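Order of writing sets the chain letters: A, B, C, D, E and F. Residues in each chain are counted from 1.
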Amino acid sequence: MTPASRPGPILVINPNSNEAVTAGLDAALEGFRRAGAPAIECVTLREGPFGIESQAQGDLLIAPLLRLVESRPDAGAIVIACYSDPGLDSVRSITRAPAFGIQESGVLAAMARGDRFGVVAISGGSVGRHRRYMRRMGVLDRCAGDRPLDMTVDESARGEATFGRLVEVGQALIGDGAEALILGCAGLARHRAPLEAELGVPVIDPTQAAVGAALLAVVV
Amino acid sequence: MTPASRPGPILVINPNSNEAVTAGLDAALEGFRRAGAPAIECVTLREGPFGIESQAQGDLLIAPLLRLVESRPDAGAIVIACYSDPGLDSVRSITRAPAFGIQESGVLAAMARGDRFGVVAISGGSVGRHRRYMRRMGVLDRCAGDRPLDMTVDESARGEATFGRLVEVGQALIGDGAEALILGCAGLARHRAPLEAELGVPVIDPTQAAVGAALLAVVV
Amino acid sequence: MTPASRPGPILVINPNSNEAVTAGLDAALEGFRRAGAPAIECVTLREGPFGIESQAQGDLLIAPLLRLVESRPDAGAIVIACYSDPGLDSVRSITRAPAFGIQESGVLAAMARGDRFGVVAISGGSVGRHRRYMRRMGVLDRCAGDRPLDMTVDESARGEATFGRLVEVGQALIGDGAEALILGCAGLARHRAPLEAELGVPVIDPTQAAVGAALLAVVV
Amino acid sequence: MTPASRPGPILVINPNSNEAVTAGLDAALEGFRRAGAPAIECVTLREGPFGIESQAQGDLLIAPLLRLVESRPDAGAIVIACYSDPGLDSVRSITRAPAFGIQESGVLAAMARGDRFGVVAISGGSVGRHRRYMRRMGVLDRCAGDRPLDMTVDESARGEATFGRLVEVGQALIGDGAEALILGCAGLARHRAPLEAELGVPVIDPTQAAVGAALLAVVV
Amino acid sequence: MTPASRPGPILVINPNSNEAVTAGLDAALEGFRRAGAPAIECVTLREGPFGIESQAQGDLLIAPLLRLVESRPDAGAIVIACYSDPGLDSVRSITRAPAFGIQESGVLAAMARGDRFGVVAISGGSVGRHRRYMRRMGVLDRCAGDRPLDMTVDESARGEATFGRLVEVGQALIGDGAEALILGCAGLARHRAPLEAELGVPVIDPTQAAVGAALLAVVV
Amino acid sequence: MTPASRPGPILVINPNSNEAVTAGLDAALEGFRRAGAPAIECVTLREGPFGIESQAQGDLLIAPLLRLVESRPDAGAIVIACYSDPGLDSVRSITRAPAFGIQESGVLAAMARGDRFGVVAISGGSVGRHRRYMRRMGVLDRCAGDRPLDMTVDESARGEATFGRLVEVGQALIGDGAEALILGCAGLARHRAPLEAELGVPVIDPTQAAVGAALLAVVV
């Protein structure tokens, strides 16, 4: 943090237009809200797609995302709450506020909780993208596995079946050698604590990880 | 976090016996203390050496460190506040509370603030140890450089000259390609904000980084 | 190539709106044009920026770039002729035609001409982006250095001084251990052969490298 | 390319003495032959072994290979058409003409067609050699798998069964995460297009890849 | 070796207090004892734990280990004969005599006997520690696998069943791609030669490897 | 070692035809000769070149080298005493006796003596080959530097000036971060001990390292 004065809010941007997702993020971050601490404000990117499941959808929302960031010069820090970290490099290039992506933050948080981590992906299609991203981060040797739930974002969100599937995939990742797990999606936070209790290894919610990193960046 | 109830305090252990260092840590962490948030308690390892400047000193304090950790089953999380992360693996093996080392946490925090980071070491002798540790972490490709202040811990602590030297070494690291800097010592926190302002790149205090990671680990 | 019939043209897209750059690309690719071979068609992305010097500029042109690609289902292969490879992942996700970025292709071509290669960047600001990209490619150990001309794209294009500066930077890269050089910009092709003659090491024009890769992909 | 005049032919050397293999190479390269383009001339190393299946066979043919190269100072570029790239370093050390190995070129071509590639080896014995070679190239993180057909070169060449086995092994590699495949032998080119059509991922013939690279190196 | 005079003995320290293990080491090293060669002296760390199965046990023996090393300034070289290499960095920091850990030495010896090696661990709990150690060494790409016997140290030592289990695990590692095997424990030396004969690949006893390295270090 | 009977001699092959070099090897290995230990026999490859300074020279001696190896089925182990490790893979493929190259062995020995090592090359031309070889070994992160004496093999062998130049280059490598040094040539053994005494860091003679590794491989 550069300013000596009270920092502005941590702006958590849900880059899809689904307000229910934003509400879920808001709930997941309740534990970070304290009197006197920086505010945590969750906003919806109204011009974003309803869901983000492809590379192109992620890239095409960068234009409205940058406009949103520019409209909020008061933000003390910015979190982009989609596991593909869309537009993160661009956001960093247009603002001096620290900016965080949830994939990057989730991976870094997991690296302090186990020597190797596993990633629970929503769909098989994202596994390759995650791997490319972790290679770019230079941390591929720390990843024990990346396995999909094989659900749509929508199914995983509603999901009576979601928790059972998370347990299955989590156990497979532990078998791969994972000592900590990352939920590879912004919308699974409510399963974090129960999954950690069930599996006995740390489970990281990536949005919480990014907000934790943002709080560090703005602390005086 | 495992318990559903309120988590115990984050125990920040200064593994040397210098109470002034503990007091400095306490001050550096003020910004994380909030009503309702987990307490942050800084303690001195009385049986530790007065300063930790060698591998052997770090290894020999593990015995009293483990006793201290065992005497505090109430701790919600543990931070070992010496940049060589002494005893971190052992502490992790004897407690279920999440445990953090400040070197590991400092490096991970820096990786979200710049593609490559630089480390400000106290003395030349620690540069090789840092490098070995970062290789173990699998993140060596992200380190642009590790340069010493060439001061004793004592000089750097008192130090009218310390800030000037930090600026010099920081500029050299930026020349190496560093986009963020890590203060490679538990006792330099008060220089963090001024150095960041002077150099124009993020500067990470590793103890703050570890406490930030600990808060994430215990948030409900 | 999948189709047994004659493949469509190799579409070389200049993603900035500067027609002079497109004309330069067209000239640089003359040597690949043969009777009976796939056509090589250079087009300008009219909605692109006049020059691309920032991350945001590269990301913001993805929307019109995807529209251009979608308007040309006849293309046998696609080359994005800007060294930051803007939109490459997205283009690949929306078309079955093989798509190539010139940074990726330039690096891969250089890896067959020397054990370590050097990159001539236009400005210092792009060096970090190149490095991140090469880490993502997993080839960082093959890069001996990346050094800037410290010119604007415009200066380098007009540039009486450009060739002299290329020689200087090329020699420095050879001193770093480079056995082959990559011109890190789409607009330097006319200097390739003279620079290779002057320095005595292979010099790669990345647009030619990408078109070479595209011709391979469409050959029957 | 250094000379300003018309480059000499691309000399594709089959380093075994089996003329049928040379004829197959000749056919596979037909698509690169164009009026006005550099000639592509396939030659047999008469003093080579009838087949190359061991490290020693590959090393022992270097002597006649170097004599052949020395006898052809007119060559514009040289391709060594055996997947173990025998003598490549030596050839490079005795000629100024650009020289290419088909393993190296095949791997580099595949890296522009998918984030991770798979290699179809002829026999299990070559898998370890491939891996060592890719580690030397520094690209091991990009290889999803290397699986053998478990055939002799001879069986694979005659092979009614070959295509079926290629499909099986290709599918297994796709299951490993491969997004592109490399035919790990000089003699499988006629299966490239049908296999690509069958499997739906790019399939690289390494000799075509090397000739593509050679054409780039000699283009004016 | 620095001194021109006859070097002192190679001190092989069994860091646990089990004299039977020391006797086993003594027998395993018989083949290195020659008239005129440096003596090889196996000693028991009486203050060590009876067995070393956890990180904390390894760290807590460093204090008496350093005292033992300091009490033997006559030692020409030092070998710490426990596969977790406890206290190796500390020992190196307090003595000028060359010091060797058996994990490090075992891995390095295996790297000259096969491109990829496999490690036979005693228990599953040590696999992660081995991996972290090999990453620190920077050699993870050479490890084909690390598989546990799933025995206690005690069972493996008495073990009629031990050899059969070694064969099973060794075969699995060969299936993983291992071309050489390392016995991941100080107490399995008597199985080395029979296992090598049975499996047909080199099998490394790590204590022998460390003593071999020590002899090199003290040879004139 | 496979045979239960007394192992045959360790055959140290000087692959050049210079008998003076063989005599030097013989002297350098004196310290390993003990009553009852395996014999160490140094032989000259009479059909080798007088000196080996290029890739082609190294490759062309493989044919007579393999004949020599085949003529000595009694050898217990084989050492190829030229720092470019010519023919090592081929030798390994034709004999069951363990075979060692001095570059590989020198690097592995150095890795037990310092976290990072430096290599003293004879000429600048070999630096790139060393680097490629260390990348193939997967140990490049452990190399702090590789610097040439800039002498011919002949000059370095006669060399009154050699020791002074070794000190200069050694100091530069220590400045690069090297904690141990490797003499990158078979003919510098007599300088090992004096250089180690002068510079205060371990200095590895690679032929001694390979013979040490061979003795380990044949010990019962």
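Simple rule for what comes next: a residue touches a chain if its C-beta (ideal position, glycine included) is under 8 Å from a C-beta of that chain, and two chains touch if they have at least 3 such contacts.
These numbers come from a predicted model, not from an experiment.
Visitor: So which chains count as neighbours of both chain A and chain F?
Guide: B, C, D, E
Visitor: Quick check on the interfaces: B-F is repeated by which of A-B, B-E or C-F, going by over half of contact pairs matching?
Guide: When the residue numbers line up for over half the pairs, the pair is C-F.
Visitor: If I average the CA coordinates per chain, which chain comes out farthest from chain B?
Guide: Between chain B and the rest, the longest centre separation is with D.
Visitor: Using mean Cα positions as chain centres, tell me which chain lies farthest from chain C.
Guide: E
Visitor: Between chain C and chain E, what's the gap in Å when you average each chain's C-alpha atoms?
Guide: From the centre of chain C to the centre of chain E is 52 Å.
Visitor: For chain B and chain C, let me know how many angstrom lie between their CA-based centres, rounded off.
Guide: Taking the mean C-alpha position of each chain, the two centres sit 43 Å apart.
Visitor: For chain F, give me the residues that contact two or more of the other chains.
Guide: Only 132, 135, 138, 140-141 qualify.
Visitor: Once you've mapped the touching chain pairs, tell me: line, ring, star, complete or other?
Guide: The chain contacts form none of line, ring, star or complete graph.
Visitor: Once the touch criterion is applied, which pairs of chains come out as touching?
Guide: Between chains, contact exists in these pairs: A-B, A-C, A-D, A-E, B-C, B-E, B-F, C-D, C-F, D-E, D-F, E-F.
Visitor: Within their complex, state which residues of chain B touch chain C.
Guide: 115-116, 141, 177, 179
Visitor: Would you mind writing out the residues of chain A in touch with chain B in their complex?
Guide: 1-2, 4, 31-32, 34-37, 98, 100, 104-105, 108-109, 111-113, 137-139, 141-142, 193, 196-197, 202, 208-209, 212-213, 215-217, 219-220
Visitor: In the complex of these two chains, what residues of chain B are touching chain F?
Guide: 127-128, 131-132, 135, 140
Visitor: Mind pulling up the chain E residues that touch chain B in the complex?
Guide: It is residues 54-56, 59-60, 62-63, 66, 87, 89-90, 92-94, 129, 132-133, 135-136, 138 of chain E that touch chain B.
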